[in-house]
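Next up: the structures, one after another.
There are two complexes below, and they share chain A, which is joined by chain B in the first and by chain C in the second.
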Partner chain A sequence: MGSYRPIIAGNGLAIALTIIFVLPITAVLAYVSTAPLDGWVVQFGTWLHESNGWSFSVFDTQERFAKIGFAIRSIFIAVGISFLYFWLTNWLNQGLARVASKGSWGRESYIIESIQPWIFVGPALVLLLLFLFVPAFSTLSLSFQEADGARTLRNYAFIWDPSALGYTQFRYAMRNSLLWLVLVPTVCISLGLLIAVLADSVRWGIFAKTLIFVPMAISFVGAAVIWRNIFAGGGIQPQEAINGLTPSYQIGLLKMLLGHTASYNEPLYSLKFWGNFFLMWILVWVQTGFAMVIFSAALRGVPEDTIEAAKIDGANPFQMFFRIKLPQIYSTVVVVWTTLVILVLKMFDIPYALSANDDDKLLLATMMENARNNWSVGGDNVENLFAAIAVMLMVTVIPNMVYNARRIRREQKEMGH
Partner chain B sequence: MFPTPIQHASKTRQRLYTVALPVVLFLWLLPLLAIFMTSIRPALDINSGNLFGWPSSFDLIDNYVAVFTQSEALRYFWNSVKVTVPTVIISVSLACLAGYGLAIYRFKLALPLFFLFIAGNFVPFQILMVPVRDLSVRTGLYDTVTGLVLFHAAFQTGFCTLFMRNFIRDLPRELIESARIEGVGELRIFWFLVLPLVRPAIAALSVLIFTFIWNDFFWATVLTQGESSKPITAGIRALNGQFVSQWHLVSAASLMAAVPPILIFFAMQKHFIAGLTLGATKG
Partner chain C sequence: MAQVELKGVKKSFGKTDVIRDVNLQINDGEFVVFVGPSGCGKSTLLRLIAGLEELSSGEIHIADRAVMDLPPSKRGIAMVFQSYALYPHMSVFHNMAFSLDLQGVSKAEIHERVLAAAKILQMEHLLDRRPAALSGGQRQRVAIGRAIVRNPDVFLFDEPLSNLDAALRHDTRVEIAKLHKQLGATTVYVTHDQVEAMTLADKIVVLKDGEVMQVGSPMDLFKSPANEFVAGFLGSPKMNFFEGELTGGAGTDQGHFKGEGLTLSGVRLVSTDKSVGDKILLGIRPQHMTLDSDGLLKGRATLVERLGTETVVELLTEQGTSFRFACPEMLDIATGQDVSFSIDAARAHLF
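Moving on, here comes the complex of A and B:
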């Protein structure tokens, strides 16, 4: 039905243009025409204020109620605009198709159905392109620019050239990122598997799994602060009184168990080289629950008959696990592994929240933050250097992305789509 | 039946299990317990070095009230709510639409488009940082709640769409085909037929996205500056500086920040786990 293509393209273009013009204008009109409502809300607020005798100033009340009024209007307008979008696109799509199809019902429905998916995908696609792909490519182009916009490779030389300033940091960041990449997913997956298997064989396993899973709901910053309580301390400022407070001798639980006194105030995660492992542990603590939950579901999906057969053949629990179950959930392990790898590559919150950003602890992502704060050398092109590191980070993600895309494609084919 | 119920195992192994598992669990949650204990101590305990012993008095309410009265924590908290709730609504509704479009219609670009969304899911946020901040400064969205909502919603569409698409794809197609033959309009099919069927997926996705956004730290630091729009995650870091020698208050603040996602997790545990499983194994 290739002859329909011009019609479909034309109709699609007409719909898109109409939307681009009509929706913003309607939104502006709606905001302008409903503006007086804010006044009423403010009056209502003032009336409440006076009749209740609130203690703070009337001005505060008015400002707050004006904001509330605006928020309520915004919600209604947003909902209204969304409905307008669908009503308008639907109406246009059907109307235009009817005109173009010259009375043939089959042609009409074909044209409608060709345009319909774009109406559904359109809003998300626009957001994705505008805020994800456009910035990503502009970072790419920034990384090949000087501060004044001239083309250059100097930003990459800065991190790859041994005589340049960024080289040492970049080496450290690469080393640490690699360490994290290998260790964190491995430990998470091993622990997750272990717990999934162990917990499945006790009666209160579900309860145990829930508890293991709790850290998953906590933010990385929160987890960092929680573990600082264990790893850090020794008196953050034991020498001097702050604001007249007595010197504090806070000491982390693990430090106390290791016998560190309050005068030794280096957090465990700041130790040279070994500190990295304490930082990694925080991420492991948060993410093990994730691995466990997924594996637990996958293990339950292992067919009973293979297990029964192995049992009859006299397999011991270790053989049962490594020879029978693990191979069958292998694809799930790979998926969890990729998810964790992506997470580790993006990891930024934990070292940053703990200010563990000396050269020895840098990761690719924290190195960028470092770059922003410390590098004002080589002209004013910090942002460009920054972009170069970001591109390097993206490069490390790409193999993973390609691998996953191929896997999904294969699965789609197998499912017959 | 497998795993073998522990009752069938030997006596020593049973005993090992009953002892080892609670110990491991206790150790696992020890940091949480420790921080909770710290958060209910009086400042006196902390200054005198009684950090992990029995508290000399229980100042639960005093400390938590102090966090809210002595700092901007309440405002950070409210900002987090203002950022998270609209983001969840926007990104989940957009994902329902886009997922439906990609799953049900057979058009040539369906798969390439789907891969575009997957790629969006993989992009490390750092690569977007400079342009997005510039964009937000230029459009006046820098340091506003609206800006955070908009950008968060955009960045989550990748994951949300592939999540919903996979779920809708598994619905029986005959249902939709027959509705079409009956002459039901496309929008009505979506609203009255598909949406009720994908309600579990919507719940799971909402819970997940709520946790993601509430716990986000990166964009919170990149796109905010002042007190007026800083969410709680960035706020905790600010409080760290403010309460530098008052661990009991920092502890209380960070526990408070973790309460909403943990509550949501416990309230909707089933959906949360279903969401993670579906999101991970299918995409």
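Moving on, here comes the complex of A and C:
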């Protein structure tokens, strides 16, 4: 079918060009022709303003209603344009194929079916390119530039050079990110597996699993606030009554159990170095439920007969788990691990909520925000500087990506694909 | 000596009784087949022996040891599962070596024993492969190999051939029979296929609704079935049954029968509790009837199946009872034709 390639390429190009011209023009026409609608919405707003006696100015009201009108029009136009896209491409594809195939029905459907997938994938590809690849590469390019666009390695020098200002923060951020990367997924997976296995063997297992899953529904900031109250140092010194009220001073639950008093007012998560582990624990608390639920389902999927065969072979519960069950859900473990690694690399909320300005607790993501707020390197190339940090973040993901790609390929080979 | 003894074995799941009071003696080296329709409890009985299910009451002895409280691995058994139950993440070698490894057998001995088993089953070339890379028949061999390696007192097979195609099923059946001769170990084999039961067994145990219907050698069961169920279950095509009346011989082992235009005397009477005048069933195998133009049993052919080696004719009597006739010759009978048969009383049964 190689001889059809020029026809397919020609038809595809024709469709693409038509779309590029027709859709924007249609959109502009649609916006222009529906513009008077905004006027009616504004009039309606003005009428509401007068009849209800709203206190803010007429001008503000009119401006807001103009925006509402525009938003409503945009929704309809966007849906209409999408519809037009599929209708037009489909019509063109079939029409062009009919002309090119000169009456051969088999050839016509072959040409149509070669182009059709691209019609559906096309918009997604364009969006992916525009909002993922282009920014990624422009970040890479920005990280090698001065503010005026001149090529430089100074941004990387700044975060890697021990004598430079950024190095201290970058070193902490790298250390902490690596610690988080290793510890959080490991602990989540170990706890998740343990709970998934143990919960299956007790009657109140479902209740226990529910309790452990609940934190999944809590936002990271929310979780950080909850645990702040447990790790909190309290320690507001008793003060004079203000307006007749004596401000209470509180101490976190865990610190109280450890026997700390209010006068020792450092929260556990602020401890030098060791504080990081308390921050990690918060993420573990939120994410263990996720690991547990997935492992629980995967363990149910282990064929019962292999477990029975192992029983007959004489495996004890430990051997059963480590040599029969775990290897069979290994690919699930890897998927969960990957998900958690990506989550940790994105982790921002928890350290930012509890220790935003503490260099000792920085992660690469929080360091980027920190750099945006506080750094300048004798110039205005701050954007370029945190482009460099972003690139470093991306580099830390690469080993994970490579490992996964290789694993998927190996599995496909084993399955005989 | 590895005999297996079941005494008053009962098993219920909740309120459902799956096994009701089974007593059974399996001798050393014997090949015993549990056979019955699905849901008769044959697999459950096997799993009770294996220790994968817990007894509700009763006793199981293997090699003169009460095993009720022993885990499966300590009972001296090895089991081959219907689905093979190979460990998908291990190579064939490690699948077979797993039990030995758990027992702490030395590496050298594991190697030796696995290779010996692989040689018996002619699959030395498969040892490095994963189960996913094996055909159904090869997986079956590995499953059997895994059982052999353990060197058990008793082999348990749970419908091992039902996932194989017809040709492979036949070959594997022959191989299992050979293997049993070679190893001489006590074997308990579960199947719903009466051909497997007839060809493999030293002793067949026919089960229905959790109860033993009859125990005996294949030919005993075929020739003198203890009840209507066993008679109908073994043999292909199924035995024919005609309703009629007991006209004499009540309480003895020879009865007289009248019904469907037939009068027979001196037929093997199974139900000894019937008295003269009671309704009774006459059973006769399709192969044991004779074409006879003067015969008293008359029927009209509704379907003729020519299998090459055999012709099977389905017929309908005037009273509307359907029955079959089978004979090894190419018969010249057409659908709709009236045919008469005579019946040899010595080969019939009264239930």
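List of remarks:
Going forward, the second predicted complex is superposed on the first by the 332 of 417 C-alpha atoms of A that agree within 3 Å, B and C clash if a C-alpha of one lies under 4 Å from a C-alpha of the other, contacts with A are read in each partner's own complex, and residues count from 1 in each chain.
What we mean here is this: a residue touches a chain if its C-beta (ideal position, glycine included) is under 8 Å from a C-beta of that chain, and two chains touch if they have at least 3 such contacts.
A quick note: this is a predicted structure, and the numbers were derived from the prediction, not measured.
Of the two partner chains placed around the shared chain by superposition, neither chain B nor chain C is touched by A:153.
Within the superposed three-chain model, A:319 lies in touch with chain C and out of touch with chain B [touch as defined at top].
Comparing chain B with chain C, the partner in contact with more residues of chain A is B. Of the two partner chains placed by superposition, only chain C is touched by A:303; chain B is not. Using the contact criterion defined above for the overlaid structures, shared-chain residue A:29 touches neither chain B nor chain C, since it reaches no partner.
Of the two partner chains, chain C is the only one touched by A:327; chain B is not.
In the superposed model, A:311 lies in contact with both chain B and chain C.
Shared interface residues of chain A (contacting chain B in one complex, chain C in the other): 308, 311.
Residues 50-52, 71-74, 77-79, 81-83, 85-90, 98-99, 102-103, 130, 132-133, 146, 150 of chain C are the ones touching chain A in the complex. On the chain B side of its complex with chain A, the touching residues are 1-6, 9, 17, 21, 25, 28-32, 34-35, 38, 43, 46-49, 51-52, 93-95, 97-98, 100-102, 104-105, 107, 110-111, 113, 115-120, 122-132, 135, 150-151, 153-155, 157-158, 161, 169, 185-187, 190, 211, 214-218, 221, 233, 236-237, 240, 244-245, 247, 250-251, 254-255, 257-258, 261-262, 264-265, 269, 272-273, 276-277, 280-281, 283. By the touch rule above, chain A contacts chain B in their complex via residues 82, 86, 90, 112-114, 116-121, 123-125, 127-128, 130-136, 138-139, 142, 197-203, 208, 210-222, 225-227, 229-230, 233, 236-237, 242, 245-251, 253, 256, 262, 285, 290, 293-294, 297-298, 304, 307-308, 311, 317, 320, 332, 335-336, 339, 342, 345-346, 348-349, 352-353, 365, 368, 383, 386-387, 389-391, 393-394, 397, 400-401, 404-405, 408-409, 412, 417. Considering their complex, residues 303, 305-306, 308-315, 319, 323-324, 327-328, 330, 414-416 of chain A touch chain C.
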